[in-house]
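Letters A, B and C name the chains as they come in the text, with residue numbers starting at 1 for each one.
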Amino acid sequence: MIHVENMSKEFISPKKYPGFKGALKGLFSNEKVRKLAVDNISFAIAKGEMVGYIGSNGAGKSTSIKMMTGILTPTSGKCTVNGIVPYENRQLNAANIGVVFGQRTQLWWDLPLSETFSILKEVYNVSDEDFKNRMEFLQEVLGFDSFIHSTVRTLSLGQRMRADLAAALLHNPKVLYLDEPTIGLDLVVKDSMRQAIKEINAEYQTTVILTTHDLSDIEQLCERIIIIDEGRVIYDGTIANIKELYGKRRSVTVDVMDIQALEAIDFHEVFNLSGELLAVAKEQSSISFDFDKNVLNISHIISKVMEGTAVRDIKIQDTQITDIVKEIYKHGM
Amino acid sequence: MRRYFHLYRVFATQFMKSLVQSKVDFIIGLLGFFLSQMFGIVFLSLVFKQIPSLNGWTFEQLVFIYGFAQIPRGIDHFLTDNIWMLAMRYVIRGEFDRFLLRPINPFFQLICDKFQADAVGELIVGFALVVFSVVNHTVTVTPVNVLLFMISVFAGALIYTSIKLFFASLAFWIKDSIAILQLAYETADFAKYPLSIYPKGIRFILTYLIPFAFVAFFPASYFLTGENVIMTIGAEVLIAGIVWIIAYAVFRKGLTVYESAGN
Amino acid sequence: MGCEVVSVKKRSLRQSLRIYKPFTIGRIQEQLAYKWSFYLFIFSSMFSLLVGYYLWRAIYQSSSSEALNGFTQNDMIVYIFMSFITSNLVRVSVTRDIGNDVVEGTIAMNLVKPINYQVRLFFSSLGNVLFRFLMPGLPIWLVMSIVRYVNLGELPPSPIVIVSYLVSVCLSFGIMFLFDFCFGLLSFYTTYVWGLNLAKQAILGFLTGQLIPLSFFPEAIQRIFDFLPFASMNYIPVMIYLNKMPLERVIISMGIQVIWIIILYLIANYFWKRVTKRITVLGG
C-alpha cells in the first residue's frame, strides 16, 4: 500500500539572532540554516496493516507523514501510496486517504458538525447510499449523535476528536494517518477512539499509520512499529521482537506475611549477582525484584522468598514498551 | 465542473447563514469601506470648489473614474478576500495543510473558505457613483456599453485577483508575504485618478508591472470618451488573461515548495 | 498621558519607568523583527503621500490662481508631507492591542498582573511613536528639507517653531492615545477589530486633515470641527509647523489640545471602569 524509498527532506531557513542587537543584525544578514529533517528513510506498509510510527519531538515523524500525505515534497527519494505519488497527484491521493491531526482540526470551525459532514460528502463525492451507511456505522462506533448539531467551535476536545476521526473516515479511505489522535483525551474517550480505529480496520481493511506519544495506544493497536530518530529509521519490526531484543528486564513484586523474616537474606549473595543485574527493594509488606531475565529465573526468586515466609500475592510485570522506547531515545539502538 | 458549482453553492449558503449571525460585524465593516470610499469623493468635491477641471478632466468625469474603479475592486474583494490569509498566516502557521488534504482544487478551497461581505460597502459607493454618472449624462447607456461594462468589470476583478494571488503566493517562499502584498495592493490607490497626473515611472509601473491602470483608468476613459475600445477594454481583457496565467502558475509552483510548519 | 497618574499610586516615577520601559523596547523590537515587512512597510506607507503629492501638483497646475485658500503650491506640499509625518508619528495601535487581548482572552490575566494595563498600553504605544519618529519620520523630513533648500533655497522653520511643533505633536499623541483607547474598548462588544480599525482610520484620515487642510471645508462644517477632537490630532501641529498661526493662536490651540486630553481622559476612565466591571462580572 505504502512504499517509501530513500526519502529525505531538508529545510533551509534564514538564521535568527537573539536580542535587540540580533534583530538589527538580522535586517542585514543573509545567513541560512540547513536542517535535514528526514534522512534517507525506506519502508513498505501492506494493506490492512496498523503501524505505530514513533520518535521523540523533532525526530522527523511529522515531516515524513506530511510527505506521505502529499503536503510536502521530498528533497530526494520517492514515496507512493496506493500506486500514486502523493505530492505529485495531491487531489487523486487525497481521495484515498484520511488524516487526523490531533492538534489541529480539519473541520469547519464555524459550522455545525452536521453541515461539516454534508460538505465533506460533496467534497469527497460520496453517494447518498454510502453516506447513509457510513454515518450509521461511524455513529455506532464513535457516538456523536448527541452533539451533531453543535457548532464545531463549541465541542469539547473529546467530542471534536471523535468528530475529526469520523470526518476522516466518511469517504472510506484506504489509508488513515493519525497524528497524536488521543492527545489530551481522558481515558474513556481514549478507549473509545482506540476501539473505533480497531473496528474500522477490521471492517474495511483500512491501513493505519499512527504517531503518538502515548505508547499504550500503539501497544493496543499495532503489531508493528517503526521508530525514527534524528530523521533515520532506527527500528522497523514487531513489538514482540523489540521486547525480545531490549526487554531483558523483568520485575516481580511479592506480598509477604512477614517482611522481617526476609531481613537476614542477602539476595545478591544468594544468586551471586551484582546490583546491576538485580535490584531489590523492600516495602512495608512487600519485596520487589527488578532483574535481567537472561541470568535469573523467576521461579528461583519465588522459592527463595517462600523459604523465608508465607506469600500472599505475586505480581509479575513484563517490560513496558514505554521503557524500551525511553531507553532507545536516550541511548540509541 | 458541476461538482465545483454545487460545492460553491454549498459554501455560499453557509456563508449567508453565518452572516446573519454576525450582523454587527457586517455593519461595522460595511460602514468602514463605505466611509473610506465616500470621503474620497468628498475630497474631490472640496478640491473642485477651487478649480474648474483637473488636467482636462471634469469633476463628473473624475467621479465616474473613481466610482468605476470600486466595482471590480469590490467584486474581487467580496469573492477572493481570503487570499490575504495565504500571505498572512496559512503558510507561516502551516494552516495551508488542510487544503492539500482534500481532493479538490486548493485555490478553489482557498477562496471558498471565507467571503468578505464588507466589500458591499465598496460596491454601494461604486454603483451609486456610476448611476450618478449615467443620470447626469457623463456616460451613456447603450446595449454595447452595458456588455462592455460587464466584460470590463469581470476582467478588472480578475486582474485584482491575479495580482493578489501572485504576491500572496510568494509566501510559499518567504513564509509571510503580507507586507509585499500590501505594497502591491496599495498601488491601486494611484489608479483612482487620471494616469496623466503622474510622472513616467509611476505610469510605467501601473501599466506594465502591477497593471491596475487597466482595471480602472483605461476602461473608464473608454466609457467617458468612446474612443479606442481595443486599446482600453480589449487590452484589459488580454492583460487579465496574462496576469491570471502567471499568478496561477506561481501559485501551483508554490505548492511544491510549501514547507508546512512545526518542523 | 494622564492615565497612569491615578492608578500607580505609590511608585516613584523612576520605578515606574523601570517597570514599563520593557514594553516600549519590546514594541520597537517587534517592529524590527521581520525585515521584509520592515522595508516594505516604510515603502508602502509612502504611497498615499505620493498620490497626494502628484494630485495636488495637478490641482495647482489646473488652477488659475497662485494660492488656494491661502495655500501656495509650496505650502501645500509641505502641508501634505508634514501631515504624513505627523499622522504617522501619532498613529497608535491601542485598538488592535486591546482587541487582540480580548480575542485571545488574556485581558483578565492582564488585570491580575501587578502592572497597570492602561500604563502598559501607553508605554507600548510610546514604542510605536519612537520607532516611527526614527523611521520613516526623520528621513522623510530630512529629504523634504534638503530638497526644498536645494531647489528653492528655503530653510526649515526656526527652532522655536520646531519646538512648538514637537510639543504640539506630543499633545496630539496624548489625544490620539486616549481616543484610540476609548475606541479599543469597543472590542469588548464586537470581536471584529479589523472592521473597527478600518472605520476608525477612514474617519481619522479625513477629519484630521491628512488628505486636505481643514480650511478647505465650508465655514459651517469648520465650526463643527471646533467642537471635535480631530483637528487637535494632526491639523494643529502641522499648521504650527507651517508657521501659519500668530503666537497667541498657537498658545490657544495648544490649550485646546490640553482640554481635549482632559476630556478624553475622563471619558476613557469612565468607560474603563464600566468595562472592567463587565469583565469581573462576566469573566474575560
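By our rule, contacts are C-beta pairs under 8 Å (C-beta built on N, C-alpha and C of every residue); 3 or more make two chains touch, one makes a residue touch a chain.
Here is each chain with its UniProt name: A = ABC-2 type transport system ATP-binding protein; B, C = ABC-2 type transport system permease protein.
A quick note: this is a predicted structure, and the numbers were derived from the prediction, not measured.
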### Task
Figure out the least number of contact steps between chain B and chain C, where 1 means they touch directly.
1
### Message
Closest chain to the overall C-alpha centroid, by per-chain C-alpha centroid: which is it?
### Response
B
### Maximum centroid distance from chain C, chain identifier (CA atoms)
A
### Task
Just list the two chains that share the greatest number of C-beta contact pairs.
B-C
## Note on the structure
dist(centroid_CA(chain B), centroid_CA(chain C)) in Å evaluates to 30
### Inter-chain centre distance, chain A versus chain B - centres from mean C-alpha coordinates, in Å
47
### Summary
Here the gap between chain A and chain C, centre to centre from mean Cα coordinates and rounded to Å, is 54
### Multi-chain contact sites of chain C, meaning residues that touch two or more partners
38
### Message
Applying the document's contact rule, which stretches of chain C touch chain B when the two form their complex?
### Response
34, 36-41, 43-44, 47-48, 50-51, 54-55, 57-59, 61-63, 68-69, 189-192, 194-203, 205-206, 211-212, 216-217
### Task
Would you mind writing out the residues of chain B in touch with chain C in their complex?
22, 24-25, 28-29, 31-33, 35-36, 39, 42-43, 46-47, 49-55, 118, 174, 176-180, 182-183, 186-187, 189-190, 193, 197-199, 202
### Query
Where on chain B is chain A touching in the complex?
3, 6-7, 10-11, 14, 18, 95, 97-98, 100-106, 255-260, 262-263
### Query
Mind pulling up the chain A residues that touch chain B in the complex?
11, 35, 37, 58, 62-63, 66, 69-73, 87, 90-92, 94-95, 97, 99, 101, 104, 106, 108, 110-111, 115, 118-119, 122-125
